[in-house]
């Protein structure tokens, strides 16, 4: 549309029907939105194969199905986070290739398998109760085209369990550390590796954990230098971030 | 610059040195920043005479003086908020017409006196200790070109004092209510007028006032429907907002 | 009633049955409530046609029906906010013209359609999950007699979507910005328009969004000057406020 | 028991079987608990007729019934707060004179009707949604032997409604003010009476009311001098306190 | 003034110079403030001898002196709270009878000594570091015309110290309990007396006392029924409240 | 395993099949986890008979059963905390000796009864509503091999009830104090004993108890010197801690 | 005094001047404070040599000197915490044996050197910036008669530094862990020892450490079972607690 | 050292002076710290040239000088953060090559200039008042061997300023976004680039910014997927993290 009207304008200039002054004025008043999309979204157009992500929370099954259908027209991979089993079943009826990770509450439809870079993402978690975040991060990292190594139940109260995996951790390109309660694992891991550590506080805990605030504050105050933090339970965000780094 | 290069492009199109396809491509890749200023800032160019506002906090006297000098080149009115006496004295040496409101901590230089609309802004405050916010709001409203009526010491603990000014309050086009401690004045005034009420919590109080949080929460939860709220002690923001409404 | 007894008193004075001293004393002891309503509520009597608003939360269906019936006697328009489907159905049985906005959870009965002013209110929302607040604001604005333009899903993470609507936004008389999570949309819009912006934080989000607190604080600290804020999820309050401004 | 053994000891001293030194030593080592009850609980023994209060929250119906049975043996009045309908029904089967206030969630059994003092307690509430606290306070005050006047729906957003009841409020011996949202009613009433005002914040509200915190802070920061505060939704505590004052 | 003009109006009605209709209209439009003071402030006029209270915080010495001078014209007693030594010295130069309580930071000028009721107020404090609040409460209670008994350093960590004063505490008409840190004293005292207990949390403490919040929350959650609470460090408010009760 | 491979290595060195340089290199690259267990976990190997503890929250019945089965292979005692009745029933089908404490929500399987030290742990609780924490602490202390004395309903509002048990409290080796609401019991007990006091705030309360935060802050600010604190509702942690002390 | 009057009473009983009934009555009304001290403070009388502790914060030098003088009359050791240099100098002039720990801000006067038990207390700190708390704990532990081993700068970001001291840590009878920022050290140490761990959060840090709250929450949520916590910066309380345990 | 003693042990085994059993036992008891450094710190030994970082807060000038001297012996680059001018001057006297960034409060001594990778780090800041964090980040990134492009004053209230730099931002390998107040810049930038964005909230602001909490929460809740967050004002941590990524 915009391109078309610009084309007409240029033809009018060429044909002398429009003076340059008039043309300048018109271009200045062109709808902003048409002008700028080329530049702003230039980087998006390069990310072919990247999944479209649907945040399933507060969306009805019907809405999720509709959005999924629309997105699949563009041949995209699909990732629905915080998805209910019911939403999965509705999608599965339409797209039998859809997969559900019950713990991580993700639906994925992988139309194009992305070839991952040679390096890998390590996902560490303090306890088995953090698994729901681990799985969200795992599914996100996989569909974004990454090799992932998961190491669970390496909380700091039994620190020898962590050291048993030191080599795998230190050889990752980027490390995701998932922990609830006091979230100390992020600092300990941050002190053992020289790779970016993305810390995810979880809402695992009770009382003064305040739904993950204790772990969040702990991670933000980490005495280890290479640690950055995402929102409580945000396994998706951590993995998205890690994937960007893993693809650098 | 941008205009110049666009002009050249159009001339090249006109002269046939550039095909329309090539021209379209070039325009799409024009530096965004040059393109968009016309549209985005269109509304700004209409606000001639509006003061340039300098937030004085965390700025050195030297920085404030430099910014002031630069802005005065454009023949603007100047408002410096949260300004120290020292900053004022430095500016006053250069611009003897500069004025200082010690309580409100504002410096103003009024190069062009804006003619206010016929309506006025009412500024109410619960106590004399809220005066530092009243004065910041007052100076802001004045230099933005508004008539202002100030009514101070009308806290709800002696509600008859408020009623004594009911007519002035109800005839304003917009009302700013400034209160610390429990901030109840906003709700009471909100129930008495059918004009927009902009509430400013102040940090006046101690203990469980938590630096203005008690008043802030009180105002956000106002049971009166026409009340909106700005940040604690933000007399400037309230007056800026009120001025927009008063000029509608 | 009050007027009547006052009339009698004056007649008694006129007729000499009551001394001036006695009359003075009596007037001083007149029930306060009768005396003052004339003045205090003067502005209310001008607001004919304005809806009576019922806050449905923590009210039983029976209570809501009773209040509605009582208010309809006065030929008022009715707006029930935070209303359950059950409450709607009960009212609908009595008043078939009642309408329910399921997303916004509002019941409206429009006995008299108010003719709106020529200007309009723009309601912007960052995401589709904020729609429940959008709809509450929309229904409120409509029944208060306003033209409204809704623009949804213009969150700052894809800012070009916002710019596509710039003209509609900038031409509104007042703009309502509804956003959860980090609430950044308010600041961005506040920087693009010179109209009053009323920001509504929503409880959309999780973890460190703390039920809308993150968005609330973000909006209160907006670096854009013309932004004021209402309570979390308070679409009604924002629209009520906007309506006052739109009718100025 | 203790008295008995003391008696024996004194007899032994009298009879010369026990030296004074030995007696002194023995008294010093008497079980503390037996010694002190006389003094500490002296005031309790004077409060005959006062109800025994059972906090019903987190207690099973069975537990509440058992405690009630045990207490009724002492011919006491009974007040169960935060009681479920189920608990009431179980008690009602055993004690048909038991009464249930559904809104206030109280069960009362009045074995002895206390004659109230001539003065009365005024209970004010900002809105009808605060009624659950009003009723808890009301039942508490009644069974403690007080005359009570209830005035509901006098929130500050329509302050003339409050003034209509000024006389009743000012003639009370003590005033309970119950309000949620911004809790401003406490300050306004505190400025209108010279009686002790006990403020009860309620959890009525949403968003930044934080379950009653906004009202609580507002009341703690009241600019009116005679206001003290109890816990959020604590109608029982306010009435207990008011009853003590009303009986002074 | 108001009375005078009303008188004239009535005379005009009597003399037939003013029709009853016109008189009614005029009365309705009488300045509200003149009308209502009789009623609203009726209780104030009875409180002859009550001190005028000046909150000294954020007021300059000059302002405090001016307000004091104005108030003394009305032959009132004066109480300045949160007053600096400098403010005292300035007032002392003008009124040699002014007294300063350095710990409590109060200035008092007692023009008329009020005769206290036969009952007394007990002021208890947990530690010597709470003395600044004790003294503010003491001076307030004294100038409001009360007998006061002070008992300091009876914190719960050495509970026998408290019991040593049990009789004095139990015989008071109202008890003020002042405590910082964990504020447990209020609950213990509340369980020992059947008089109203007004609890004052103090900002004494460090770390997780959060400037008195720990004590405040502790007192609001007191398991003893007769305890109400005022703001952190608000010795004045507690004493004002206690004085009202002591004069009932 | 590790010992075995080290042994082989040393034999190879001894037999000359491995040079010292090679051996050094190999030892340096030995899996860390094997190296360090001797030292780090030395203290664990001494704790034979100690139960394995399973935190049941957020674990499915199936997971709990599986972990229990695995642990029982090692002849350990089992303690499952925060366990549902359903989880108990599943375990009970497999291990009829399993016991369930419904109030404390613990499952215990005691394969080896530990002989307790001669001293005992005293568990005090303010009210019957704190019993769920008392029972968790009790079961933990018992299976860890401790004699325990429970004293419930000794809240500070009736302090004579506490004194009745003074001897039992003062003769304990370590005291656990469990209290919700204002948590004052910890300070009072801390002032009466010269044994370590471990305070457990509970989430019992409402309004400004903020789910146990009031009690937590109260206990952290205890004016008694020998009090330390664990997380809200953490009966397990308190008892574990007390058991360590009781076994010293 | 009390003993004397009791003696007299017993003599009167013995001599027949007082009937047993009369004597019983009199004893019941004896001043409580005299009666109970024997029992309540029995344990205190056993703690000969224990220092008297003066909390120096908010006390003037004069007050500290006076209290010190009074306490020294009883031949006690003295510990002043949070003491200024000025306070020390004033005390030093009177008692040249007084010592000052500048970092820990403690004054100590050791009249009787207590012989410590054979076991020791280990004090660990994450960083050198935590030294002010370490020293307060150290001085407290020393004057209470304990051997102490200090290990500083063993934060979890370089966890090998901690392991270098494992033997000293594991052989202590009780371990104090002092850490600011994210406070993770407490969990790591708690997982390595089977001794009671007393965690002290410090206010070291900035931003989201919120003056020690991050470390406090982290420690309260420790996934290691044997960790209990004291107030932020409360080195004294931790050492007092540890000393009780070390003397068990 | 450790290697040496291990060598000796192996020689003794080889020479038959030590049995394998004895050798095993000895290895098990080797000082842990010597054993493990090879593994744990392997990655550190690769980071030759990396600066030693000294956190200057709460350290005396003397301490900073001493640590600096010790570290320079190892030929390291030095970075002191949060350093006072006084500390700089003391270091500058000893090491004239030391440089001070007054705004960023950093001291740097660059013994070895690290050659940066070809990619660069972009540092964006919302306002000039955020410069103190920008400079800390800048100095950190530079001494860690990175090319850096700084873009300041691109706050979202004037979003066209940001777009003017879009190309520089999108071509960076990693972007640091520094913003106070509402911190919205992080989300806007996160939506414009496909590189990792590290957000640094600053304490710039007042009132409800709560020392940077508003910006922190805003950034943690960013609706843009690639954003991770560090502590408030933590320019060092952001740059350290960015440097790791830039060197990947």
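Here the chain labels run A, B, C, D, E, F, G and H in written order, and each chain numbers its own residues starting at 1.
Everything below uses one rule, namely that a contact is a pair of C-beta atoms (placed from the backbone, for glycine too) under 8 Å apart; a residue touches a chain by one contact, two chains touch by 3 or more.
Predicted, not measured: the structure shown is a model, and the values here were computed from it.
Student: Which chains are shared contacts of chain E and chain F?
Tutor: D, G
Student: With centres defined by CA atoms only, which chain is the most remote from chain B?
Tutor: Ranked by distance of C-alpha centres from chain B, the top chain is F.
Student: Centre to centre, by mean C-alpha position, how many angstrom separate chain A and chain B?
Tutor: Chain centres of chain A and chain B, defined by C-alpha means, are spaced 39 Å apart.
Student: When the centre of a chain is set as the mean of its C-alpha atoms, what distance in Å lies between chain C and chain G?
Tutor: Taking the mean C-alpha position of each chain, the two centres sit 58 Å apart.
Student: Report, in whole Å, the distance between the mean C-alpha point of chain C and the mean C-alpha point of chain H.
Tutor: 50
Student: Mind pulling the residue numbers of chain D that touch at least two other chains?
Tutor: Where chain D meets two or more other chains at a single residue, that happens at 32, 36, 39-40, 159, 166, 192, 207-209, 213, 216, 220-221, 225, 231.
Student: Let me make sure I understand the interfaces: which chain pairs count as touching?
Tutor: So the chains that touch one another pair up as A-B, A-C, A-F, A-G, A-H, B-C, B-D, B-E, B-H, C-D, C-E, C-H, D-E, D-F, D-G, E-F, E-G, F-G, F-H, G-H.
Student: With touch defined as at the start, can you tell me which chain G residues reach chain A in the complex?
Tutor: So the residues of chain G in touch with chain A come to 126-127, 155-159, 181-184, 186-188, 190-192, 205, 207-210, 213-215, 217-225.
Student: Which residues of chain H touch chain F in the complex?
Tutor: 3, 6-7, 10-11, 13-14, 16, 20, 23-24, 27-29, 32, 35-36, 38-40
Student: With touch defined as at the start, can you tell me which chain E residues reach chain D in the complex?
Tutor: For this pair, the touching residues of chain E are 39-40, 42-44, 46-47, 53, 163, 166, 170, 173, 192-196, 198, 216, 220-221, 225-231, 236-238, 240-241, 244-245, 248.
Student: Which chain B residues qualify as touching chain E in the complex?
Tutor: 128-129, 159-161, 163-164, 166, 204, 206-209
Student: Quick check on the complex: what are the chain C residues that touch chain D?
Tutor: Residue list for chain C touching chain D: 31-33, 36-37, 40-41, 55, 57-59, 63, 201, 203, 211-213, 216, 231-234.
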